[in-house]
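One chain, chain A, appears in both complexes that follow, with chain B as partner in the first and chain C in the second.
Now for the complex of A and B:
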């Protein structure tokens, strides 16, 4: 029994069976990525503690030593929330689909599509601000859900693999949208689509509050609500029960009388609508224009984020927040410690990498545990 | 005869359970030793230690008189020990030879340079082995194209190719049809005659009686007795195995049938490749009647049950439940109309293994009141109560009650959970497909009693079984299928076991 090495036992303690195994594994992944980041920083000759501190400062979690005029820790924090909002929607979108056994990698494509449609329909109009914003949100939900339905229907009706469909749709959407942007909506200076009007934007930019100018993400509360609604749907409702049943055993669900096709299609409507919300809060929120032929990496990062959050709603929320703290904070870190921005971004990537392999750690720990029990 | 394998005071513990308790057992060279025991008696654990998948907590294993520590299957292989697992480990889209030589391929150099696998030589060797032991396989066939019995032979060949002398069979007949079982038993005998030593894990007493020399009986982790099979009765063995006498016949009351529950009229089912699986089958099941569909596996019996449950579409014909035509109803509508179904495959159809026990017990009712309210919100409390009631009523044994993951439960208890759920639906018709497959004698007995009780309560029962004894014991009416067609339907009392067997093999044909 005592032959097992200490590191092995610590590892099992972290990722092995027992209470909160999922949470412990996620925390272990985060710890590992911090460790890897530390190593990286040490190799570069930087003080890792200082670096992590400045990441937190950059993200508005800790106070910076100095602030520019009309800026403070609060404005940094609001900016963090602004960038986190689309990530929460995107991670939820992936998580909901995963629960139903569907791997939705079309989040990026859906984001571009819904963002573009909302931009074209309402972004350039002169509607009054409130109406415009509401319409933008609803068009995000609608166009996102449309793509979702398409994927769900193809999967259900023709048994087409959703991953293949999603990859194709990503390309189709990206190129078709680029075509229209290039031919009709291009801003000759930025080489992006013409910026949307302030009326339609879901983030109030440089909004004066007291003596501060801050970004106010108007849909952040909506993201919070979405987290709780999804949690409720998954845990407490009839539909959530069906969704999870189909996700864990298709055949048994059919045998139990669950309409599998309906569950798949409805799940994809929800997943698509969430991705659509991510799209509008990204392209008409934290950004104001669309870069042609670029799929937002956020849509793909969301997969790792959802996995880090164990495809649960609450987990996705905290994982989004964490990843975006890194994402937002690294800019400040790179300027303060004279680390290349690319290197700083690498730390975020390491976190995403480690979050995606949590399942592997869990299986490995389970196996080691079995071996130990057998010795 | 010398002792080839000796277990000396083997103890193996798992958390919360002693799987093997101080077991000393020897295996003689050239014998067939059967290891008999209920599910969870510790027979698989004991053999897994011989094959190197577990190592004992206490005690030693001696092979050919020498103490060995078998730490992995590779070590076991080196000691000429081979095991045929219950679930085959084969690559579907490779040939038989490729599967056999995998891991120990011999290579030759093409043009004296490029190493390639020497398939020709391997084919020849496999061919020779297959002839020598009368296994009759074509080494060039793809695994996906050969039947289950051939796949099993491939597994046997795999061991022989690796020069195994001690062959462990883990419930080898569980997946086979009656004729296939016969031929497997013959193969096992052949292997013994050519000098191999065979250990057979099983809980089928008649097989032991047929081929084994000695029988070691395990009960709750302890070795109860080692018996000479020739001098022991089946009843005695089973009594030792379960620790009590098992009644082999269920008492039946006579019935006259008045009300028809299910009427199947000329239904046909075709596969995706348009092969006819069920060909114009008609029958009726009445209140208080057990209609058993007998037949060799794969003759359309399971498809009939699936078609009645609505899981697969029918091409022609119609299905009536009482007076309602259910031919075009959805699965759920049929469940509501009164069809309960215990499917053949517990793991991938009957249960959601990653759901808790209470969720599985509620799997067909979660959507209606009181388990969900009108707005589609689940009512946890109602589910918990249902779970508690059923766990108690059906004696489902679990570690954490309602919240146990079904995956962690034993096969017998999983089956109990399914049966509990289906009976609780209070259906008019209950279909049992292979309800006792892979279960131990105690569980089989309780399921048989359960079926008989339901019959006496006036349920209509459709039983699909490959076990002829089960059919003979439970059925009021027997329908025999062959090649998707009905061979005969007769009152059980008008048929003998032998006759049913002949119908199953397609010897007798009768049009009615």
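Now for the complex of A and C:
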């Protein structure tokens, strides 16, 4: 006799033990948050299906009914990739650190720092485009890694809580950079830093391709490469193994002869370098100037995105894409359905809320499964 | 000099009450990075209640102002309820839950403020206008030479904060309830063995921290901009975290840390004004509390003792 109710069985199917449990739980969380978004839209008296459809249309996944001159679905999609690129780097940065048991909340600060340094050093120079872009990328890696090393070293050597150090660094960087921007590099009209020259920008804007004008994110391939490199390092190398061992139990790893300090510092170098790449692809790519006194919310969103992707490299990539589809598609949706633009951020944070309790879903499903098996 | 003290106190005290909230939550063993979001949501709720009350009741504005403080505490407590559920019932990672609550708070207040302003008050805006908080001066004490400034022209919410802070300090250090809370943070199993309910104590500690953060956030909304706007998320919650870590999770030293932060800030501003530097130099002043915390932690992190069970999910089976 089977007494298990249907919802229970469906739930176990979604989050229970077995193949791809992590992936299934994430999909379940996405489903729940879409459900919550649907409720919200219904309360506001809008058609949820229409809303989700126009989000996909705005992000270039589906075709819009009509397009302005020299625009098409492809241009929308390229613009999505353009905005997603920094998010992929940032999410990878958080994910790598999480694997080693370090909570890197400093991504925003590192982004501002590396973006600012690259802007000042190369953004206003008149180097030839190729050289300038390469230098910008390398300076992003270098300055990001610098902050990463600082955090890793302080954690390892002085046993300081990395979250606290990161919070302090975030604000110190934000205010100091804001000071320099406002005294030296301010554009009096936009109240932001003077826009960087096209030569140094990592995104080609309004670049004519055929009869279309599109945005071409030049570092997107680099982001893809980074995803696979990180996956390879984590899964196939000795360092990756040490990193994960330290993350799951640093005392046991120390006992087994792993140099914990070295693993922590090197992890933070990688994490910092990725955050630095996020910074240059954000401030010299999808944007061209820095707003003083503002920490980019992307750096904080990346924490949740990495979490949604189960802090794996491939997962982070798809989670970034999903979150940015919401982000990019909302402008179109809000203008079509007269819904406030803020609803996208709201649905995203509900999604993150659910993915934060994904572990609870998994244990609950496991327990239910055991109960059924015992009966 | 007087400006430094007056402005310094009006910044330090709200920060202090938020930090006490943090001490309650972390003292009971639940990491609370959500203070930033809690104070913002409290201020939102308070601002909303003020806007609604002042429209529907033509009462004395002072009464409404004090009522809005109470509503801010309720608002902060409500969002803290979510943090408590996530951390205690759903066993989520406490740091991550805190970060998510912060994001949710920013998104939720932006959405609701826009939506409510549009549909209830019929104007596109993301702000709620507030009254200027009443100020007062104590007659005799304000005549004391330097220190008198502390009793001159202060916001009356400072008195409320001091009263609440004294009560919370008494509760934490002199009563059985406080003993339970601190036991939860250091050795939850000892409390469980003595017949206490760890999860219940933690639950209420987190909600208390939300209420206190909401109160502090509302005071910031009144004193800094006299509006509720998304600008409330300026990192004061994180500064409060710095303050109580600096104060080693104890209320007394935390008070000194808050005073230090507040005075460094106001003194810096006055200095910038006196030397007639451009206002952007104020940014450098704002980094002071963070740099001081970082440097002090560098030297004292070995003697800085967080509650021993901080951040651990309570597991009855574990001994």
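Here is the rule we go by: the second predicted complex is superposed on the first by the 358 of 375 C-alpha atoms of A that agree within 3 Å, B and C clash if a C-alpha of one lies under 4 Å from a C-alpha of the other, contacts with A are read in each partner's own complex, and residues count from 1 in each chain.
Following the convention adopted for this analysis, contacts are C-beta pairs under 8 Å (C-beta built on N, C-alpha and C of every residue); 3 or more make two chains touch, one makes a residue touch a chain.
Quick caveat: nothing in here was measured; it's all calculated off a predicted structure.
Student: Clash or fit: how do chain B and chain C relate after the overlay on chain A?
Tutor: Clash.
Student: Who does A:245 touch here: chain B (first), chain C (second), both, or neither?
Tutor: It touches chain B, and chain C stays clear.
Student: For A:253 in the superposed arrangement: first (chain B), second (chain C), both or neither?
Tutor: After superposition on chain A, A:253 lies in contact with chain B alone.
Student: By residue count, which of the two partners contacts chain A more extensively, chain B or chain C?
Tutor: Of chain B and chain C, more residues of chain A lie in contact with C.
Student: Scan A:228 for contacts with chain B and chain C and give back first, second, both or neither.
Tutor: neither
Student: Output check: A:236 vs chain B and chain C. Expected answer is one of first, second, both, neither. What do you get?
Tutor: The answer is first: A:236 touches chain B but not chain C.
Student: When the two structures are overlaid on chain A, which partner does A:31 contact: first (chain B), second (chain C), both, or neither?
Tutor: neither
Student: Quick check on the superposed pair: does A:373 touch chain B, chain C, both, or neither? Answer first, second, both or neither.
Tutor: The answer is first: A:373 touches chain B but not chain C.
Student: Choose the clashing stretch of chain B with respect to chain C from the list 44-52, 98-106, 188-196 or 422-430.
Tutor: Given the superposition on chain A, chain B and chain C clash at 98-106.
Student: I'd like to check the shared interface: which positions of chain A are touched by both chain B and chain C across the two complexes?
Tutor: none
Student: With touch defined as at the start, can you tell me which chain A residues reach chain B in the complex?
Tutor: Chain A residues touching chain B: 236-242, 244-245, 248-249, 251-259, 373-375.
Student: Of all residues in chain A, which touch chain C in the complex?
Tutor: 44, 103, 105, 154, 158-161, 163-165, 167-172, 175-176, 178-179, 182-183, 292-293, 297, 300-301, 303-304, 307, 340, 342-343, 345-346, 348-350, 352-353, 356-357, 359-360, 363
Student: Using the touch definition from the top, list the residues of chain C that touch chain A in their complex.
Tutor: 33, 86, 90-93, 95-97, 99-100, 102-104, 106-108, 110-111, 114-115, 118, 235, 238-239, 241-242, 245, 278, 280-281, 283-284, 286-287, 290-291, 293-294, 297-298, 301-302, 306
Student: Under the stated contact criterion, what part of chain B meets chain A in this complex?
Tutor: Interface residues on chain B, with respect to chain A: 14-15, 54-55, 309, 311, 330-332, 334-335, 341, 343, 348-355, 359, 363-364, 366-367, 372, 376-378.
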